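Quick notes on the structure that follows.
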């Protein structure tokens, strides 16, 4: 009998499965237990299966990372709605930060940010976020 | 059940059912569209996806990026897949054999929404037969075409959605060619002519317009077609951060007009009214040239010998914009 | 094993006739087979249908047959189709025609010396059913010639086969069977 | 609730009607189909059953066979019982999706009414379509007459849906010679058939919104091999379930099925190995040969896939010469049956003389006399102790004799 992927606890465990342990048909599950109405459950409370890409990361794709400056943000949610990678964490209509595990560094959030100066800016991947915040530019004069 | 979304802040309360760490390119519009569609409803959603970028990047064993049930069969059959899931749902509902959690949602007025996603290759070309059949049969589902005007998944070949002058890997611009020779196929009208109750064209950059149309689509019974502009950083060759800007240029130049066609039907399904509504009018209609200039796939058109194609583009866009406005005025 | 070949035009009901006969025979506990040669031609084209009847399960799936009975339900086929193909010495022919047996043999000399019966299934079906569907009367004629079943028994059995049809049609078919049974010579 | 269909103890059904009743009695939830000769009457009959209230599910008349099988895949993944029927060109159009159905491990039932493949176009029976799909990862059951088309179609649901199997099943019957030939069929009554087939057991249904499932993933080289291995393993191991279901069916009906079909093979010197209706015609030929003192037998596969490798070798272990009868244009090699039987025999250390006959293409009549000619050839070879006729011959062909090797 195939190992039930729902019982697999970690990503590493999946990698070691033999042909005899995988689910027939290569079906994958999103959660380890039933979630009655998923839209009512925020991601931090979901019983994600290790087979859910939420549990994986693509942060290493980035060359530059978006850094978020709370002091300037007006919580307009443009970054949230246009982020292709569900990497803008927003709760109760407030922008909280960037999910770096899932952010591929596309820079859309920075482009769509309407504040002046912007509340999100791209910085080199290796730079410390506090250092980046210290380097934040001043308000740009309208040309 | 229609989800109330007054503004973007309210929309941001949505808990996504599409997950990160998928393998789509940075800056891909497909993801933005999928999020906007799924977040447009709080009802359960079941998804079918055609072979294409979205499929190969969101369900690569052993991981899935979907928190809704999802199926992929092939390149050309997303429509029949969604349509048959819809039929299977209705059979099980009629027989009283739905799984308990699903039955509970239905009892609360939250009917599952069945959505197919496919690219323009899977829609305009290889999947057209299956799409046409499913629409003619009138199944209750929504079909969203992620229209990036190119076979992106296989490396940028032309499709029948590729616009004139675009350089693709099978319609390359060269010393004696300006690239793609054909005008884009008018998919929205073709699908409206199937008698579908609701058909619309959307852009992810105009999120509110998109969400509203998806919600309208979910409210009608029958097949709904949504043609979504999907700027492709890889094949349109713009920078990933420019996805939304390029999309806006398309909308504001009227290259990608936002409109809907509503076929109103009586209780026998006879269409008694067809209405085309333009849902967005740019305040300043910008020249097509600005849209083309933002995308290196059109770079060669700016050579002197190809300038006439830019003129042709402008003429085509103006004519079409005129046509849409006249239809809207005439109420047909 | 009893073998029957029908000559018909597509649309005249030979397949239905062959299947109806099979249905009736199967009810007696015998084993049956009913099939036809189909081509791509549509309504009006000459075609053949077949029956096999046996006391054992029928295993033979060859189309080749040396028929015990040849049933011709369209008058024209007597002249245009190869109705004597693969015949045996004992093969009996039941032929739809408005001619007398003598006139028929004169008009189609290759039937001379054979065991030939004539019946005007076409006229009978027009008179009784109101349409040129000569299959039911041919079955009536076959019953008479072969002695396979008594008329009453066969008519009752056919009523069951035709049960899904309106009473009017059943009655018309019964009349057609009876007339042909009585008129075949 | 579907109405009960009143059935006689003995019905006179052609193979298509028999298969249609089996689908009806299995109370298939979704039949998605496209018409093609000679399988069309199966889905016509089914839609009539639906129109008359004898079926509760849905019949979806799609726009192509590709969509027919795609619809079955989607319905099955959604968690409902799905089935369809096809032939020939329609089967060919389905092939892409056949692989998807088996790879996704969905127990769809496909009634295949075997027909030649164009060109030239031909609507009549041969096994070209069967051969085209034999490596698609489906269980393949073969019937020789309408009764068996009915029996095996009913059994197909029970076999494919078994939780140890979860594979799609094709049931083959010969175009026209079986599909359009009415013969005595003893059906089960509706309730008995329903009880035998059982309620559909959905696995990982897409309709369960509380347990989202992803069907039809992509695999890279790191996983594809394992999934295909698992699929092959489960297909190879489906023999146990197939035999179990055959046994249950026998207990219920007295009708006996086995992986390999044999007739008078206990003492046979020569054997015809064929598929489909020819198997039964060959029995008549074998009996007639025996009257002449030639010990002739017949062997066939009831289960083409998984291929009963060991049982085939066992069935032929004592014969001197075997004719593998392939009803499909071999396309530049020996017929598939010839190759597979030869491999089974060689692997088991048996080496009877093997002959290959290509026959019956495009519905060409296969007569008892032709089959007797084959036995005569086999007898000659058996007596000579070597092949004294060409190894591959075309049987019943006009023009000069065509043979190879």
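Labels for the chains are A, B, C and D, by order of writing; each one numbers its residues from 1.
Convention: contacts are C-beta pairs under 8 Å (C-beta built on N, C-alpha and C of every residue); 3 or more make two chains touch, one makes a residue touch a chain.
Keep in mind the model is a prediction, meaning the values are calculated, not measured.
S.K.: Common contacts of subunit C and subunit D?
M.R.: Joint contacts: the list comes back empty.
S.K.: Centre-to-centre on C-alpha atoms, which chain is most distant from subunit D?
M.R.: Comparing chain centres, A lies farthest from subunit D.
S.K.: Can you compute the centre-to-centre distance for subunit B and subunit D, using the mean CA position of each chain? Integer Å is fine.
M.R.: Roughly 43 Å separates the two chain centres.
S.K.: Report, in whole Å, the distance between the mean C-alpha point of subunit A and the mean C-alpha point of subunit B.
M.R.: Result: the chain centres lie 24 Å from each other.
S.K.: CA centre of subunit A versus CA centre of subunit C: separation in Å?
M.R.: Comparing mean C-alpha positions, subunit C is 79 Å from subunit A.
S.K.: Calculate how many whole Å lie between the centre of subunit B and the centre of subunit C, each centre taken as the average of the chain's C-alpha atoms.
M.R.: 62
S.K.: For subunit D, jot down the residues that touch at least 2 other chains.
M.R.: Answer for subunit D, listing residues that touch two or more other chains: 104, 209-215, 217, 219, 223, 227.
S.K.: When you check subunit B against every other chain, which residues touch at least two of them?
M.R.: In subunit B, 44, 59, 61-62, 64, 66-68, 101, 105 touch at least two other chains.
S.K.: Would you give the residues of subunit C that are in contact with at least 2 other chains, written as numbers and ranges?
M.R.: None at all.
S.K.: Chain contact graph: line, ring, star, complete or other?
M.R.: The chain contacts form none of line, ring, star or complete graph.
S.K.: Per the touch rule above, enumerate the chain pairs that touch, sorted by label.
M.R.: A-B, A-D, B-D, C-D
S.K.: Give every residue of subunit C touching subunit D within the complex, in rising order.
M.R.: It is residues 18-19, 22-23, 26-27, 31-36, 38, 40, 57-64 of subunit C that touch subunit D.
S.K.: For subunit A, which residues count as touching subunit B in their complex?
M.R.: 5, 14, 26, 28-31, 34-43, 46, 51-58, 61-62, 75-78, 80-87, 90, 92-93, 99, 101-108, 110-112
S.K.: Under the touch definition given earlier, write down the residues of subunit D that touch subunit A in their complex.
M.R.: Per the stated touch rule, the residues are 103-106, 166, 204, 209-215, 217, 219, 223, 225-227, 229-231, 233-234.
S.K.: Using the touch rule from the top, collect the residues of subunit A that touch subunit D in their complex.
M.R.: 2, 17-20, 22-31, 34-38
S.K.: Mind pulling up the subunit B residues that touch subunit D in the complex?
M.R.: It is residues 44, 46, 48, 55-56, 59-62, 64, 66-74, 76-77, 80-85, 87-92, 94-95, 98-99, 101-102, 105, 112, 129-130, 132-134, 136-137 of subunit B that touch subunit D.
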